[in-house]
Structure formats: structure tokens, C-alpha cells
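This is the structure I want to talk about, given as C-alpha cells.
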């Protein structure tokens, strides 16, 4: 049996971390785009769309991400294609991220004072003009801190993709544990790497929030 | 798509799912209560407690909030025995949930405490209550009431997160689905059923917690 | 035909009827003060005229443009009447100048240079020419309200609706806003204002409308209404506000 030094373990873990990072970025970008579509369906004027989005959000927020990963993995398989874990992982995480971001952003749109709607309406602006020039610019500013904050959930969420066989940081931890019989060290290091990824994002979210509350302008 | 959905196997396997639901419920009830107690303690320690207690509490809260629950679970179940601390699967899962909820609820409850008007502390002090007595009798209940909906959401999130305890062979609802699909080869249907049950559990749990909130805090005005 | 014609206007919130049949005709150049207790329906009346509330009965027409629920009609109506709010409702992410320019550019498709020239002219008119680049949170309440007036004026409305526009201001800032309104009245702008400033109503308005429990209870020239109120409700209202 080969002997793993601490450096060997760390090198392997950091190599796997790149997949955690890539999957996080893909999920966040894809989820953000889909979330934006859902947001407009949710706050738009079409009658039928808002309840559909509401149901979508309810389902994705009300069920475990792990189940969503399993359903994506086996559900895509029903179409007769051989589903690689990365595909199921990306699909499930994008759908899941979109649900949360759409809901966060809806809250931000609704937080814009009612008087802003009234003032822009009294100036003769149409719904789309109000959205584009008055409401969304203000909502966007409020949305930045919680959006950055949610990115932490996305990074942590990628850990579950190890269970459907995607080799990222958590999976590498399990593999290395089985090879080295040093679970305390390996999982301790895995936790520290996640912390190194997530803590700066958490702090950034907190910093942005504090800055926004303090300045409260423009 | 030519796939034929088949749920007939449920007739044989429903008791496995029932056992799984009971385990999931048991975990969230014990983990929920202990986690909220831990969270309350940490919230107190961080906002009002002795200064020396704050750094370790902050470190704990930040460490848990910035690492995945799955890794916390693995560390407790696989890692700690190496340090001489051996737990059964269910004990490890429960402990992981308590520690996880403790950290998240600490932040939520702290926000509730910090929204307390200064006059409440002053009124408590002027009546000769000690700081701890003021916290216990004056500050805590309105603080919890203020953030109860957020707390309820967090407990639901932890319940949904508990799906991963099946990875250390705790026989919860996800384990039931894993078990059923490995015997029936009806993976999609098995996870579909467990997902639907999780959704129902989430809705019920949230409703029960909000209802409980109404019972624990009957006076709506106290939060203001 | 009056500029603003309100006939049999009714408005309810659920069971509660706030406006129980209002008939008012506003001629061009009239300055009308709407007074009454809170809850008498006076603010709701103004909001109906601007289409911010959906009405349950009767009709509102401004210069022939009828109020209807569809966006095209609403827009046509809103282009004819401007509205000033109690809480100013300036757009916080835009400077004073941009606040005044926005609707010109977006709604009227006015070019940037032209919109800016208009914005400067209107800000000058309310005495804030030098505040063009200031953000709302850098302005006092009185200045914000004057920007709001400039913003409405830039759309060249035929009438202005003023909904308690000095009620949110510190007492020392009320005067500068009323000064602007006084100037507008002198220039012949048609004004319909809900106000608690009785002295101002007496000085500036051509007609006073007293509302009580969702109806126009008494109306007339200010000197008559204030000196010789006919109904006990108006007598009691004026007695209270004088005290």
C-alpha cells in the first residue's frame, strides 16, 4: 500500500476542489439566468404564470436537494440516455438555485416602496417602463447582498453531488479516506477547504449588507 | 419516451417508507429541540454573554455555516472515532443536526435579541433584575417571537438536509428509497415517492411550527 | 365643459364605501382646496383622478380623456394631470435632474438634450437650479418636494393634483413649498389640492371643497366658506383646526 503524506492528501483534495468551483460557477450562472426568467414570470402581468412559478419554488424549496439530484439522475435516464453524473448534478443544481434566487429577488422587487410605483405611474410610465427605469434599478441594489450570501449555499450544495458519483471535493474526501484510513485528517481538511471557499463569500455578503444599510443612498 | 411508470412495488415496500418517515421525524424533533436550545445559548453568549465566550462561539457558528452538512456528518461519524469518540449512526446524525441547527439558529435568534429596544434592558435593570434575569424574563420571549417564522424555515431546511444521513446508513426516508430502488430497480419512482413525502413533511412541519408559535406567543404585540 | 369633470364617482374598499357619489367640475385655471377630516375620502378622490385607484362607479374625464382601466387610457389621462405626493416619492437612484428628465425621455421619447434643458428650466422655476446633480437623500424634505413638483411640471400637465404635499415636512420647510404652489397658481395652473393649510387655502384658492364621510358636504369661495360655514360639520371642522 502506498503511504500518503499530508501533502499528498492536500494535493489531491485541492485538485478535486477545482470541480467544486466549476460546478458552483455553472450552477450559479445557470441558476441566475433561469432565476431571472422565473422572476419575470412571477412578477409579470400574465395571469397564469405567477402560480406556476410559485408552485415551482414551493417544490424546490420544500424537498431535499439530494432527492432532486437523484430524480435528475434517474429521471434523465428515463429518456434512454446514459446520464453522466456531472450532467445530472448541473441540471439539478441549476433548477434548485433558480428557485431560491427567483424567490430572493422577488422579495427585493416587492421591497421597493409603493410610492415609487405610484409616482412613476402618475408620470404616465407603462408597466415595463416602470420596471426598467424605476423598480429594477432599486431592487438590484437591495438584491446584491442576499445573492452573494446565497452563493455560499450553492457551494455547499455541490457537496451532495458526490452522492450521485460526481467527483468533486467531498467525493475526493471519501476516496482518500478509504485509501488512507485517516478520516479525521481528511474530512478535517475537506471542511477547511470548503470554509476557505465559503467564508470570504459570507463575509462579502455581510460587508455589502452593512455598507448598504449605512449608506442607504443612490 | 417508452418508459412505463410502475408504482405496484409500493404495496410491498410501504412499511419501509413508514419506518423511514418515523426516523426522519424522530431526528428532526430531537435535533430541532436540542438545536434551538444550543442556538439560544450561543445567541445569548454572542450578544450578551461574557466577552471570553464570544470568540469560540463565533468560530463555531462561522465554521458550521461555511461548511457542508454532509462533511460535518462525515467528520463526526468517521473522523471523531479516530480521536476516540465513537457514536452510533443515529447518535452521529442527531449530533450533526443539533450542531448544524445550533449555528444557524444562533444567528437568527441573535438578530431577534439585537432588535430589542434598549429601554427593555433599562427597564429590567431598573427593577433590579440581573442581566441574566433580564434576558430570561424580559428579552428572550419577544426576541424569539420576532424571528419565529425565520426559525421555523430554518428547522424545515435542516429537516430536508437530513436526507444525507442515509449516507452513514441511518434508516431514514432517503434510506427507504435507496433500499426500495435497489430491490425493485424502480429508482425514479422510489425517489419520486420519497420526494413527495418530504414535501408533505416540510409543509406539515412548517405549519406545526407556526401553529406552535401562535401557542407559545399568544400576545401578538410583544414582539414590537 | 370643465377641464376635470367628475360625475357620480364611487369608490369602495371591500364593504367600506369611501366615496359615495362625488360630482365636481374643475374649470381651467381654478385652484381648488379640498379640506376635511382624515378618512373623509379627500386623498382617495385625488388618487382616483390619477387612476391610482380603480373606481367602482361614476366617471372621471380630464379634457375629454375618459378614465378607463386599460393602460392606454390611463396613460393618456396621466399625461394630462400631474400628481405630487405627501411622501415626495422621488426616485432615490437618480439625481434631481434625472428625476425630472426620466419620464420625458421614457414616456414622451424626448431627446436627452431637450429633456435636460426642460429639467433645468423646471428646477430653476422651483428655485433649485443648482441642485441638478444632487441625489434625493442629499436634499431637505422641502427641496425634495420642490423637485417632485418640477418633475410633474416637466410633463406639461394641464392640471396638478397635490396630495397633502406639506404634511410630511418640518414646519420651517412648509413655506418654501407653498411659495412654489402660490407661483403656479398665479401663472394660471389648474390645481386641485388636498391640504391642511387653511390660511394658504384662504389666500390662494378660488374654491374650497369640504368633504365629509365620502361626500362633498359644502363648497364655495374661500371667503364665504371660512367666514360663514353653513353646516355644523364644517363649523366643527374649522373650529377644531383653528384651535
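Order of writing sets the chain letters: A, B and C. Residues in each chain are counted from 1.
What we mean here is this: a residue touches a chain if its C-beta (ideal position, glycine included) is under 8 Å from a C-beta of that chain, and two chains touch if they have at least 3 such contacts.
Note that the structure is predicted; figures quoted are calculated from it, not measured.
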Identifier of the chain whose CA centre is least distant from the whole-structure CA centre: A
Pair exhibiting more inter-chain C-beta contacts, A-C or A-B: A-B
Chain centre separation in whole Å, for chain C relative to chain B (CA means): 53
Where chain A and chain C are represented by their mean Cα positions, the distance between them in whole Å: 46
Whole-Å gap between the CA centroids of chain A and chain B: 21
Touching residues (chain side chain C, partner chain A) in the complex: 50-52, 71, 74-75, 78-79, 82-83, 85, 87-93, 102-103, 106-107, 135, 137-138, 148, 151-152, 155
Interface residues, chain B side, partner chain A - complex: 1-3, 62-63, 65-72, 74-75, 78-83, 156, 160-164, 167, 174, 177, 187-188, 191-192, 194-195, 198-199, 202-203
In the complex with chain B, residue positions of chain A that touch it: 59, 62-68, 70-71, 74-75, 77-80, 152, 156-157, 159-160, 162-163, 170, 173-174, 177, 182-184, 186-188, 190-191, 194-195, 198-199, 202
Residues of chain A touching chain C in the complex: 113, 115-116, 118-127, 129, 133-134, 137-138, 141, 216-218
